[in-house]
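As written, the chain order gives the labels A, B, C and D, with residue 1 at the start of each chain.
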């Protein structure tokens, strides 16, 4: 039995269905990231777990106990908000202790708890300040401290890093990861940033329009997206999704991509998924991640199925650690990830290596993956 | 802060253009200050003049022989009806009515604003719209029906008194006035607080809920301590309106022992016959207006700040 | 982090769902509505109930006291007839035309002057702290307090005209308060005097709330000061215009004591506003039905102006 | 703080009620006599009652010649908190009596002989349906001229006997450079003056028919038109700043000698008294030219409300004291009016007061005592105010000709009936 179980959860505002039947579960000590574009219902889902919003149908269980109708304060959870939601009229210490105060914890014990948390988060020197006197990162720490001090069964994070600048965001991400590793608490984390999702999660739920599109480990989500949306949403730069058709070359299938003013590229598929046979001669979406589309020298040595094709390079983007090259296939800009020192000039024609082991195919009609 | 750069900053003309500009601005500001001060000035100088000087002199002239006699008369001798104890006797009557009315209406407004923004329910907007529109009712048209209801409450008070020995304030004119001002004040106070709380982060309320704070604990510990600017605006607004009310006060609390300041002042100033002691009248008017003036002058700075903090939005 | 885990504060054991918890939680759910209920009920009874009562009375033959036998719309028929009696003007005709003149001038001048003063005061003025209360204080005073001073000031024999004559400007004439065609403008002057400072404060607050970067951007774009205000600042103040409009509309409609204190109704009743009409007929002339009917018409007019505004304002921000 | 206040007030009222167990020895009195002379006059009554052991709970509401007080009274009655008595005028008493909220003083009235000593014209308002509901305090008369004697001597004027005499006198003053006529341009002052003009122009019969019986033929007659023309003539003698002026300021103009004459009710004498002016030497009081022998009156009354039994004794004491000869004399000497009963000795009154009392007695006996329409004694308030509207609009030029004025007067009165 999982630690957090969500069964058939639905949420309606009047006639509008915000959550359309969510089923998720998370093991004890797991780190679940809810990710998706804004308006997908991820924050609503988090709020229903917190008890800040009621649910219309379904059940939420924590540690085997149904918490559907419990008041937020009785669910044994803690939550960190996007804006941190620090009480402006209280000091840092007051903020951290407020929950305990509400529960009638004696002052002495509260002080002890505050000191402990302050030590862990290194905010001891801030305890007497008001939130308005803190920097963004400090506020973030205080918000986490307020959550930590409760030692809850479940931590909820609502886009906690989105108000920080880029560098601080990375630092805090690591901090959260470390926190998770050392305390072993169970965490549900909402973000629209797929890097956060990939780096932090033990489980990811990709959401869209109130539905879970895919639920699995980061690797599953990344490598085996179930549909076009997940494929497109996860990963940066995003997966190349190229309109193509399936041809056959006697021994097997090939994927054929149109090009402007050039011969179409045809790549032979060694280990095509079984479902592809139904699409012979029909259009499909060919998905290949930028890192599976490289210069031949940088290609993965032990990949079993690598195909080469000459491509016309339109733009080069040196990014330091890598160089991205943009070409045009099937009428779409396609990004290839090359080694940093790849010697390629824009406007030239260069052979690129397609790692077809990592390629995926989608049915344009259903947008589902062809397996 | 907007602080639109003064035109001079972009002009290339240098100091002279800038100086001219500043002179024009200060000149205009001073001119309008004169316009606003004029009635107060007339009242002030008149209150220090003798009657001779008033009848023979210029309205705007400074007093030739300043005298405090009118002020002393207004404070401790002037008559309202047959009672000649000066304005000082009515101060307490007004305070007794204004303070509870302001506190209750402000508190209710804050609670209503809190509910209407942080605990929204189906129809909350309609409820608010109805309460807001209520601000527009002309008070003259509620005078009589309200009197009828207050009368029944008073009779209920007599029954209570027979049963328990106490009226619990039913039928007491001061309590009645407090009630009336609260009823017709909550529209505005709710408007003020609702607009302010609309911009107040919801996440704070959510965090407090998770922290285990109850409905009222959130209000008392989180909302109220962060509402100072709007409390200032509301209190100033309510205080002046209630202090200055004449219609309800004269109709519901006209008798000498409970009469608020404005009714007494009206009796002093609005004499239908007899010699009019303008200097005493002006002094009495100044005395009656002193609390509200003081409130505006002392809290004026916070007033603008409070308006900034949300009262003026939508 | 384990250190925190070790302290594991013992919370009051409220986790279990005790019997009766559902009743309590239901009460919790209803609490916000319960808190709002008294205010809302009071509004319904003491405002809308009384409005219904007034509407009812307007269809009766009520004279000195309310009478509850419906006798038809005679009061409205009379008001309707009076609406078109312009020469000589009926009191009702005077009241509504005055409301038009007063309402328009009072609101537009207050808005213009308030904005103008706010812009001036926002130019990093030394002594702002002194000027602001000077502009603001009239709002603190009722016309029972300032009425006499105003009467004096406007009286040609005692006030401004006489003063200027004494100072040598003998050709100066300012006798509007004595003139049936101009007396309403003196009411406008005093009304503007009272409310414009308050409007100024609202605009000042609005100006202070504008993001300075927008203005910098506009200046870099080469906008002159005038353009800056006309094209950027004033449009940004739109919500304040609307709030100010509500405040002013409500003050204009309730302007009763202003007319009485200043003009006692003006020469031949030429300064009356609808609120004076209503008061006169209800309380003085003992024609309560007509007074009620005029109140109903006032309320209908307010409704026609305010409700669309409220509707748009309250709809704009759904959640 | 708040709680303390609430409990405090609750306790206070509780204590007050506790004292009410037996007869309440207190009168609650609503009035608008807030200025020096009037308040002093009323104080006499307060002291008279105090001697008998009755406390005086004062409810003064000034403003608008009783408007604000009447509004307060309406609210008090709507709430069911009747005052012991309220100052009231003419038809208002009857309105409240018709609404059934007035008390019954008939027993006292008979005992005290009011029905014989109070003029019949006044009883029309103090007696409703055979019951005494109000105690008249005084009789004011509005058809007076108040003249500054020094100015009169300077221009060599004599008492005007006819309207034309009056115009001639005003011309003399104008020639001498004084403001001939002091008028306050408020509708009730203008209408009060017009009452006298109509009486002078049309005579007593006409006045009664037009302004007391509201006879339409009379209202639209040529006589009424001529009255308006005469009013128009008078208005040419006022100074340009007259509009909106309070009546006592107009009186002050006469007192100071800036103006020759004011047409005003005898309450103006209170102003002369207060300025220590003596009738005959400093100022002159004449009847409005052409109205000698008639009295256009109004009267302040104390309407007596239907108070609870335990307050009736105090009410009777108040009414009795009000109509006692000593109070009637003392009060009216100060107020400028004349007693509401015709059997009060005139010894304490000045020359004008003596004349007023004699005139009242004669008019009462001769049937020439008429209610003032402007003062609410000719017709109910709706009509009276419609009348004031028309007169005021005529004076200030909204109504341009006397023809139009007559038409307007007829339709306005018809409308208001």
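Methods note: contacts are C-beta pairs under 8 Å (C-beta built on N, C-alpha and C of every residue); 3 or more make two chains touch, one makes a residue touch a chain.
Source: prediction; values computed, not measured.
S.K.: Given the two chain pairs B-D and C-D, which is bridged by the higher number of C-beta pairs in contact?
M.R.: More C-beta contacts join the chains of B-D.
S.K.: What's the chain with its C-alpha centre farthest out from chain C?
M.R.: A
S.K.: Mind having a look at which chain is the central one, using mean CA positions?
M.R.: C
S.K.: Where the CA atoms of chain C average out and where those of chain D average out, how many Å apart are those spots?
M.R.: Here chain C and chain D have centroids separated by 38 Å.
S.K.: Suppose each chain is reduced to the average of its Cα coordinates; what separation in Å results between chain A and chain C?
M.R.: 53
S.K.: For chain A and chain D, what's the span in angstrom between their mean Cα positions?
M.R.: About 90 Å, centre to centre.
S.K.: Which chain C residues reach two or more other chains?
M.R.: 28, 279, 283
S.K.: Would you give the residues of chain A that are in contact with at least 2 other chains, written as numbers and ranges?
M.R.: 71, 73-74, 103
S.K.: Spell out, as numbers or ranges, the residues of chain D touching 2 or more other chains.
M.R.: Residues 64, 71, 74 of chain D touch two or more partner chains.
S.K.: With touch defined as at the start, can you tell me which chain B residues reach chain C in the complex?
M.R.: Those residues of chain B that touch chain C are 1-7, 10, 25-26, 28-29, 32-33, 35-40, 42-43, 46, 58-60, 108, 111-112, 115-116, 119-121, 125, 127-142, 144-146, 149, 182-184, 186-187, 190, 198, 214-215, 240, 244, 246, 262, 265-266, 269-270, 278, 281-282, 285-286, 288-289, 292-293, 295-297, 300-301, 303-305, 307-308, 311-314.
S.K.: Residue numbers of chain B touching chain D in their complex, please.
M.R.: Per the stated touch rule, the residues are 79-83, 96, 99-100, 103-104, 143-145, 147-148, 150-152, 154-155, 157-158, 161, 165-169, 171-172, 174-175, 247, 250-252, 254-257, 263, 266-276.
S.K.: Within the complex, which stretch of chain B touches chain A?
M.R.: These residues of chain B touch chain A: 201, 203-204, 206-213, 217, 221-222, 225-226.
S.K.: For the complex, which residues does chain C have touching chain B?
M.R.: Residue list for chain C touching chain B: 28, 31-33, 35-36, 38-40, 42-44, 46-51, 53-54, 66, 113, 117, 119-125, 129, 131-142, 144-150, 152-153, 158-159, 162-163, 166, 193, 197, 201-202, 204-212, 215, 219, 224-225, 228-229, 233, 239-240, 242-244, 249-250, 253-254, 256-257, 275, 278-279, 282-283, 291-292, 295, 298-299, 302-303, 306-307, 310-311, 313-317, 319.
S.K.: Can you tell me which positions in chain D touch chain C when the two form their complex?
M.R.: Residues of chain D touching chain C: 64, 67, 70-71, 74, 77, 92, 95-96, 99, 185-187, 240-244, 380-382, 385-386, 389, 392-400, 404, 408, 415-416.
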